[in-house]
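Structures for review follow.
Next come two complexes, and both contain subunit A; in the first it sits with subunit B, in the second with subunit C.
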Partner chain A sequence: MTRQAYTYYPGCSLQHRSHAYESSNRNVAQALGFDLVEMDDWNCCGATEYFSLNRLPAYALVARNLARAANEGADELVVPCSACFLNLHKTDKQMAQYPDLARSVNQALAAGDLHYTPGTVRVRHLVEVIISDIGFTELATRITRPLYGLKLAAYYGCLIARPDSIFDSTEHPTTMDRLFEVLGAESVPFALKTFCCGGHMAQISAETGFEMIHKIVKNAAENGADAIVTVCPMCQLNLDVYQNSANKLFDTDYQVPILFFTQVLGLALGLKPSDLGIGQEFVDAMPAINKISEVPPPKPKRERRDKQALPMPVMPE
Partner chain B sequence: MKTSQDLTFHDRVVALTPGGEALEQCLQCGSCGGSCPAGADMDHTPRGLFAMIRAEMEDEVLRSNTPWYCVSCYACTTRCPQQIPITDIMYTLKQMAIQAGHYDHPHATKFSETFIGFVEQRGRSFEAGLATRYHLYHHPTDMVRLGMMGLNMLRRNRLPLRPKSIREVDQLQAILAEAKAIAAKETYR
Partner chain C sequence: MSDKRVGVYVCHCGHNIAGTVDVEHVAEWAWGLPNVAVSRDCQFMCASLGQDMIEEDIREHGLTHIVVASCSPHMHEKTFRGACERAGLNPYLFEMANIREHASWVHPHDKDGATDKAKALVSAAVHRVLQQQPLEPLQVDIRPETLVVGGGIAGIQAALEIADAGFPVYLVEREPSIGGHMAQFDKTFPTLDCAACILTPKMFDAGAHPNITLLTYSEVEQVDGYVGNFTVRVRRKARHVDESLCTGCGTCWEKCPKKVIDTVFEAGMGYRTAIYRPFPQAVPKYPVIDTENCTYYQTGKCKICEKFCPTEAIRFDMEDEYVDLEVGNIVLATGYDIFDARRIPQYGYGRLANVFTSLEFERLTNAAGPTEGKVVLRDGVTEPRSVAIIHCVGSRDKNTNEYCSAICCMSSLKFDHLVMEKTGAQVYNFYIDMRPIHKGYEEFYHRILDEGTQFIRGRVAEITDAAHSPEEEGKLIVIAEDTLIGRQRRVPVDMVILAAGLEPRADAQGVAHMFGVGCGDSGFFTERHPKLDPVATMTEGVYIAGACQGPKDIPDSVAQGAAAAARILGVIFRKQVALEPIRASIDESRCSGCRICNTMCPYNAISFIEELSVSRVNPALCKGCGTCVAACPSQIITGAHFTFEQIMAEIDGILVDVHTAPPEHTAVEAV
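Then we have the complex of A and B:
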């Protein structure tokens, strides 16, 4: 059951390098009939950086958002970025689990006249909201332009699958694959669907990062994907912006566009590519989008057993 | 309250990590190293590092590059049969290595510090500033390559040059200052 409005925490990336994700989220929400209401004066979640430097301020940074969301009366907070989602979700969960931690965090929050009772705000990822609250059956009725013929690799990345799998298997999630089928697209087999994109490695140890990026792109390309679809601005940045650097390092020439899940969902809802921020990606997505056909691809015929294959055992008469 | 002198290195790692007690249960199976996407670059696997923590090899552990190659993907954490919060232990080790001045892999620290510098100042991260400041100081020879990439980002409207700030920066800074003060006192609960 969808709400009419969700309290929304966009995260810094969506205001900087991932406008495409922000505009597609906004337009998809509107098309599906709900509002994303940005919470007031939210701050950065600290990404993976603050926890490496100083644990308690890192938790306090995240908890300021939870406390302010609770003060706004929000019982849920919808987050489109997997790293922000993880930090908010983890802080809420660990404050509930470890009272010592909750006490110290609240002592720090008190310096800003804030307090947070763990469990007050349920932190949710946007992909989970759309899939669980609206549901596949309802989504299927909203599709006006099915993505027939488009082969997509569902890339979950790390932080919605781990450490707390929020709606699916940790090792082998399939929810997004099912979403693509509802949209009329084909979901290709993708063994590295939860393999890490490298996070900040492309910055601090480029070859380590590029190797991880290369593995993911190669795996999707070899399985025939026209595009990789992600739910996280960091994954999109790494796989898209550094795809050519990874190509150079490994002497390959993959050109697999990296799209956000709301971009492909928006296309199927009949939105224009320009309303979904398509065109901001480094690896051009238009060749993939132009493959979308008006008619569903023929169902593959079930192969009959090859007569030349090993004979079935025959019972002696 | 115990002071740092009363606690072994192993105990301090445990105390600094929420749920860290599980470290005692490590059965040295190696699922962590096997699951790690950056394992090939590490000088010790997480499993090896945990054996070294048990052996009180503080100096070697805090000089290891292992935590710095951790990408925080939690693959080891979810697969660990003993439910050791491995990723969080890596965060603890990074923090301890910085405090001890013991790291031989400074890029990661400088990147984190530059990133958080903007956050502490404005409440939001600032990509254009992070990229230029970090690379200018730490990888100046990369500036040409980075400049090209920056231009490509700009052309796609993906690199705003003006930082954003939250409204109540004072509130955030008061919270962070208090958190730092508590952390300094309560490092070893």
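Then we have the complex of A and C:
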């Protein structure tokens, strides 16, 4: 069951480049009847690089947030960014598993009169909070404007799927696909749904980054997606901002808008596109949004069985 | 009490016990326990030297009770009881202390603690044995009939061996025909002889044998009794076809308008009608009506089969029947289920059309299968130009099954050959280790290597249709690390075959419970001893054979079927078997006749004697479980060999202070 209020760690991206995610999170939370209460005096999670450069300060940097959240009395911390989620979750888990690490981290925290006991704060991703705490059945009752006719590619990215998936499967999750179906949209097959967007590769080695981005956009477009839906500001930035650079490199012209999951959820809850930050993206999302139909798409006719073809495996109930 | 003389023998079991427990000290210390007249340690108590020692001591020192501290009673209780018996001592005056499984093996890093525990266990055994009473085993007659559950190759073999020796067999099979998985295969490794050619004669023999009663389309619902005298209730599911009239002519299934996917025999690759015979060589030849899919049962209209049946054998009103069988012994040969490859979603089975399982491929390549043996893609027409075979799918994988499924290396090699022979396609094997371990298998592996198959060593990470280059377009791309060259590879192919592992039957736990056998960690039935008694179980009279005991190929399944039959024939020829006299008894002079025990007994072994107003235990039905002993409000039910005094003495014994110094003694000599 959903709480009245969750302690919220927005992360740097949402306060700078990904305003669209932040505003859609806030408005969706309000529409669903819970508050996201920003924790006090949080700091950067170290993003993807710091752990590779200097491990102990990286853990201490992250643990400071956990310690502060614990001091505020939070037993859960809700995080909308996949990189922040992974770092916070990883730090809590590693500190619990390796007491030596926990000791060193707490030595560092002591300089700021802080201490963190691993296991105190449960780190949760916003998408998992909405899906598990509210649930599909309840969500279905809140839908006022179903996303009929919209074809979405559920892009999980690599950080929430592995190593500890927050969903059904580390390799081929389907939970978010089910969410889209609840919203009235169609979820298209998307083989690269947990493929890495390249992270900061677009800055380090542009061509390598563009190649990774291009693969994902191409796979979604070939499967007929009107939009790719993500849960991570880094994924959104890469696929959106560099889509045209990738197009140039590979001589293609994909125009697949990249939306945050709270943006499509907000549309289905009847919120206005402008309240959800739609319009801030590089690849215009309006052509996709305009495809949303008032009526559900007609059910595909049952095709006559191909006499020659072998049946597909029968799925269990 | 003073005339009782206990002999204590502490076994080293090589290093198994002595490596952890200070056995000399335990033997020395045991001299101080009540009534101990002899206490010794010995390298191997189970060897003839150890057994002779017990026998000599009983004769020379007039020992009246024996305690051996060694391994589990499952292992050697029988051995030492035999030694006592040979020296004229009642075998129930013997007690075993398990200081191996219960001390040395579980506390390998705590020598002092393990030694203390061994002393406590020896003390418990000595205190207990002093309370033990001589008992006589119950002799019961063995019925000559045998029940074989499962009509695959293991069950057929067991049934034929027993029937050929002249004894009656009931062969129960869940499906409409016997034959099992082997009937689905086209070729068998490593000889590539046709599976049907070697199986169907055996199926026919089993069907026609005067000593075998086939109960197909039937399931065991209840098992009562004990070795030699089991009562088994079998549900004969309604075939809706009168076997006495049906000639198996085939008109009914030719005329039946309802087609459904056959998920059992055709592994989902082909269709069958609602009234069907699973395959042409089926034994028996009679069809069954699948009422869940039959138009008549769903809508009340159709009856086309009845209209066309020339012998009027269709019976829509037929109902399930129950038959009660009396049998002496039981063989479980219930086989395996194939691993559901959807549990590894990154391999795309069920999502990507041209990913097949090994069982699907068996049907594809079978001359009597849905494509008449043509190896084609899911569209039913296109021949693959390249095929990848993924080994160890659902085997040797901590996420699914940790064990090796034993048959997949060889069946994959067989597929390699068949694909190349039928299509000329390039075949890639993705393997972890090759394990062609039986006679002729390694040679077969080399033959396949010489035929030009590619072997890539590495577990496959993913099978995807997301092409990254023009040559990958429209293909399935197999992504794996080639661990021999240390690089990631992307191999585009037309078809992927998943060598799916073997799993226990979905209902194995329930079946195990019904027959009183155990399931191990992996879920397969547990044998009495993994090396020395692989076909018997902990329940006397119930044997296991074939893949229900663990993954195995056809030769091993046949060997186990025959082995189980040989064991049973031995028992049948003895005509009688000795049962443990561990039974409950009621002190009728003190029984209040409350009848609480009557309803508690799981074996219905307690009846109420109206005229005396007391309850009485039938020793032939009682299994000595102790439920009634605990339930009796007057505490007047006693379990032989587990009496109140014996249990309390054992508790007293285990609570003694093990740190007391060993007493002075003179008579002990090391052996």
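Methods note: the second predicted complex is superposed on the first by the 305 of 317 C-alpha atoms of A that agree within 3 Å, B and C clash if a C-alpha of one lies under 4 Å from a C-alpha of the other, contacts with A are read in each partner's own complex, and residues count from 1 in each chain.
One rule holds in what follows: a residue touches a chain if its C-beta (ideal position, glycine included) is under 8 Å from a C-beta of that chain, and two chains touch if they have at least 3 such contacts.
All values reported here derive from a predicted model rather than from experimental measurement.
Peer 1: Who wins on subunit A residues touched, subunit B or subunit C?
Peer 2: Touched residues of subunit A are more numerous for B.
Peer 1: I'd like to know which partner A:Ala309 touches here: subunit B for first, subunit C for second, both or neither.
Peer 2: A:Ala309 sits against subunit C, while subunit B stays out of touch.
Peer 1: Touching A:Ala60 in the superposition: subunit B (first), subunit C (second), both, neither?
Peer 2: A:Ala60 sits against subunit B, while subunit C stays out of touch.
Peer 1: With the two structures laid over each other on chain A, which partner does A:Val295 touch: subunit B (first), subunit C (second), both, or neither?
Peer 2: Once the two structures are laid over each other on A, A:Val295 reaches no partner at all.
Peer 1: Where on subunit A do the contacts with subunit B and the contacts with subunit C coincide?
Peer 2: In the superposed arrangement, which is not itself an observed complex, subunit A uses residues 171, 195 for both subunit B and subunit C.
Peer 1: Taking the complex as given, what residues does subunit B use to touch subunit A?
Peer 2: 16, 18-19, 37-38, 41, 69, 71-75, 77-78, 85, 87-88, 91-92, 94-95, 98, 107-109, 111-113, 115-116, 119, 123-128, 134, 149, 152-153, 156-160, 164, 166-168, 171-172, 174-180, 182-183, 186, 189
Peer 1: Looking at the complex, which residues from subunit A come into contact with subunit C?
Peer 2: These residues of subunit A touch subunit C: 169, 171-172, 174, 189, 191-192, 195, 215, 219, 306, 308-316.
Peer 1: For the complex, which residues does subunit C have touching subunit A?
Peer 2: Those residues of subunit C that touch subunit A are 261, 263, 268-271, 340, 342, 344-346, 349-351, 353, 357, 360, 364, 370-371, 376, 378-381, 462, 464-466, 468.
Peer 1: Give the list of subunit A residues in touch with subunit B in this complex.
Peer 2: 12, 15-19, 41-44, 46-57, 59-61, 64, 94, 97-98, 100-101, 104-105, 107-114, 158-159, 162-163, 165, 170-171, 194-196, 198-201, 203-205, 208, 212, 241, 279-282
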